[in-house]
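A quick write-up on the structure given underneath.
Letters A, B, C and D mark the chains in the order given here, with residues in each chain numbered from 1 onward.
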């Protein structure tokens, strides 16, 4: 299906329901779909499971969702930051569940979900606390941990530009988790700076094919 | 290391030794590094293990290597074609070993090698002859087969254009196995139409980063 | 599920292809296997807005290339030169099969040697002694799409049903086929129940007699 | 392995960074961890032709961005705005960590809490009660590169050696460190043998006395 084109971020996230699992793109501010996260805050959905590299910063975006106890579980690689006070408080109060995953395993698990892989052996984390309780195996003399895919009901990501088929291009290191999260979600909701007519993106440079994109919302941008 | 720039296909493949394992790109004629394969024929290396989607066609390229019994084993998805007579003859004579792999598993196993994955569970092939003897597992009610990475000493691939850092761009469906084979080989040898100065390829559209490329040879081209 | 229908004569290949094409949902992403399924593309309408996938690394494949359009770098999975439509994209083989295996395609249409009542598919290998096996993308295609449809003749040259209780040919994929288009009937497969949607040049009763699997007539 | 050398005074942080930089082979692909290792980039020469990787999806990272160069879409793994050099490329997170995990980077330089004589690394978690754990890319970086080098102070504030027989902090990666740069000495680790390449402000004998692992002096 050609993607639905929403006119506002609120409309784009309107289908997100309580107890949803949501992949949220971005690494630092680069590629972070801030307007979609704000709209998720406004839409009221709660009891969420969120997958993001971090666990929110300062008093904005994901941090506010956590402050309001709308996130029951977070899967991330780096929750603790100088300004992650809302996560820290929720975590110490036992009011948020944390699944800590090495960043490359997080990326590969998301990729596996989109690629239909049932599980994979990764050397990262072998022999560490983060492999405890997981199946391990020595292959050709090297230790590996079995990791499972991470799929989700929704992905909220940010790209630079889309065509009306939903094909996406990104900008510099803002690409980060976007392409793999779009593929791992049942419904990928994408904020872009602008939508161009189909035929305006060179097929050779499309990074995320439109097949992975369900909803687009153009919000303008600085670029 | 910046890639070595060879001036001829013969020079590009000169390091390929007897008993080498070689990934060869291409699907049909698209992306097939014909000049490099011809040079491999001329260089005399024998007792080779070759990974390619097919097993050679007519009286050219890989088919000739097989005719001359220089390939002891081939790993491929589709050996039998109307014009694969040299493979057919060698196979019926018991003079070539065949490992038949479903095409998507072939691609994913090559990708796994480049990505440092020790093995992965794939649904493709579950319950079939091609899973016989392999470990299987039912995950969330679905059957999977454990497949292992396929790495190689060399990759011979074809791209459209390279910069002097070895960054590559491809053309249309000639991209096929190139990017994953470059990453899975100890030494990737790439024929391109032309080499441009570093800075001439947009960093956003590079498909194979130069880190995966060891040798370049520019052979001109129709495009 | 559609209402049961019947026609006086068996379907031609083109009629089968047209029926498959008409059943493909608007905006669907579709892979058409080599052989008979390829013909389906000739009956898709522009209004349907269907996007064709070719497993050698492309979405948005257009019709077969002719004349000056022929480009050796732009071929389909059958190695036939094709064209590119606006909105196309290219990707490498691992990404292309990830797209398929990950369940992102809506429909995949394949040929078959045999299909079982529970949707098992055989289409890659006769298993004949001395046959050189070749699988290509058959096993990936069989199990990857949200729906796998088969187009085949219902009977072998010697009159045996190719819709069987259990495969005698080597398996391509288990429980993957949800619909079968043949010249004589169209079948829907779900939970090992085989429903006949339509018959063509044969009555439901005759069909039920000739086939080795229990059939249900669509309402 | 280099010949054993010694200097009168301990190395400054800049001297350590300069030594690491000088040891990086020409044309290498390198990931510099957050903190002290980042400083190594200030001592790499253009002649070395080193390409820097940042795990958030880029090869060919340039110096920290200043003034108008600052672009929120172009940051390093420490979330600091950086610049792009000619020959750069961008890729997504799974491809970026595949590059690392697949052993394609020549050198990764990391900070550490502890390193064992067999090259085990601890640098992600103090394990202190109540500490909120965070790992980021530490475990991927530790085991991914062809060579993992550590830069750290050799002693804790209370004077204990951070080069240990067995880690007391939680493991980041096993047997992954091959070289340690400290203010007092540079160590090469191979097959559980710890060779001292140089000492700085301390004699080999004193060092051997203060450290809990057996030391070999480089020839």
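We adopt the following convention: a contact is a pair of C-beta atoms (placed from the backbone, for glycine too) under 8 Å apart; a residue touches a chain by one contact, two chains touch by 3 or more.
Keep in mind that this is a model prediction, so the values were computed, not measured.
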{"item": "Shared interface partners, meaning chains that touch chain A and chain D", "value": "B"}
{"item": "Averaged-CA centre spacing for the pair chain D and chain C, given as whole angstrom", "value": "55"}
{"item": "Distance between the centres, which are taken as Cα means, of chain D and chain B, whole angstrom", "value": "35"}
{"item": "Centre-of-Cα separation between chain B and chain A, whole angstrom", "value": "33"}
{"item": "Junction residues of chain B - those touching two or more other chains", "value": "108, 111, 115-117, 122-123, 170-172, 203-204"}
{"item": "Set of chain C residues in contact with two or more other chains", "value": "58, 84, 90-91, 98, 100-101, 144"}
{"item": "Chain-chain contacts as defined at top", "value": "A-B, A-C, A-D, B-C, B-D"}
{"item": "Interface residues, chain D side, partner chain B - complex", "value": "26-29, 49, 51, 53, 58-60, 84, 86-91, 98-105, 144"}
{"item": "Complex contacts: residues of chain A adjacent to chain D", "value": "27-31, 77-81, 87-88, 91-92, 98, 100-105, 107-108, 110-111, 122-130, 143, 170-180, 207, 223"}
{"item": "Residue numbers on chain C that touch chain B, as the complex places them", "value": "54-58, 71-75, 79, 84, 90-94, 96-98, 100-101, 125, 130, 132-140, 143-144, 170-174"}
{"item": "Touching residues (chain side chain A, partner chain C) in the complex", "value": "1-2, 111, 113-117, 163-165, 167, 183, 198-199, 203-204, 206, 209-212"}
{"item": "Residues of chain B that touch chain A when the two form their complex", "value": "108, 112, 115-123, 137, 139-140, 142, 144, 148, 169-172, 203-205"}
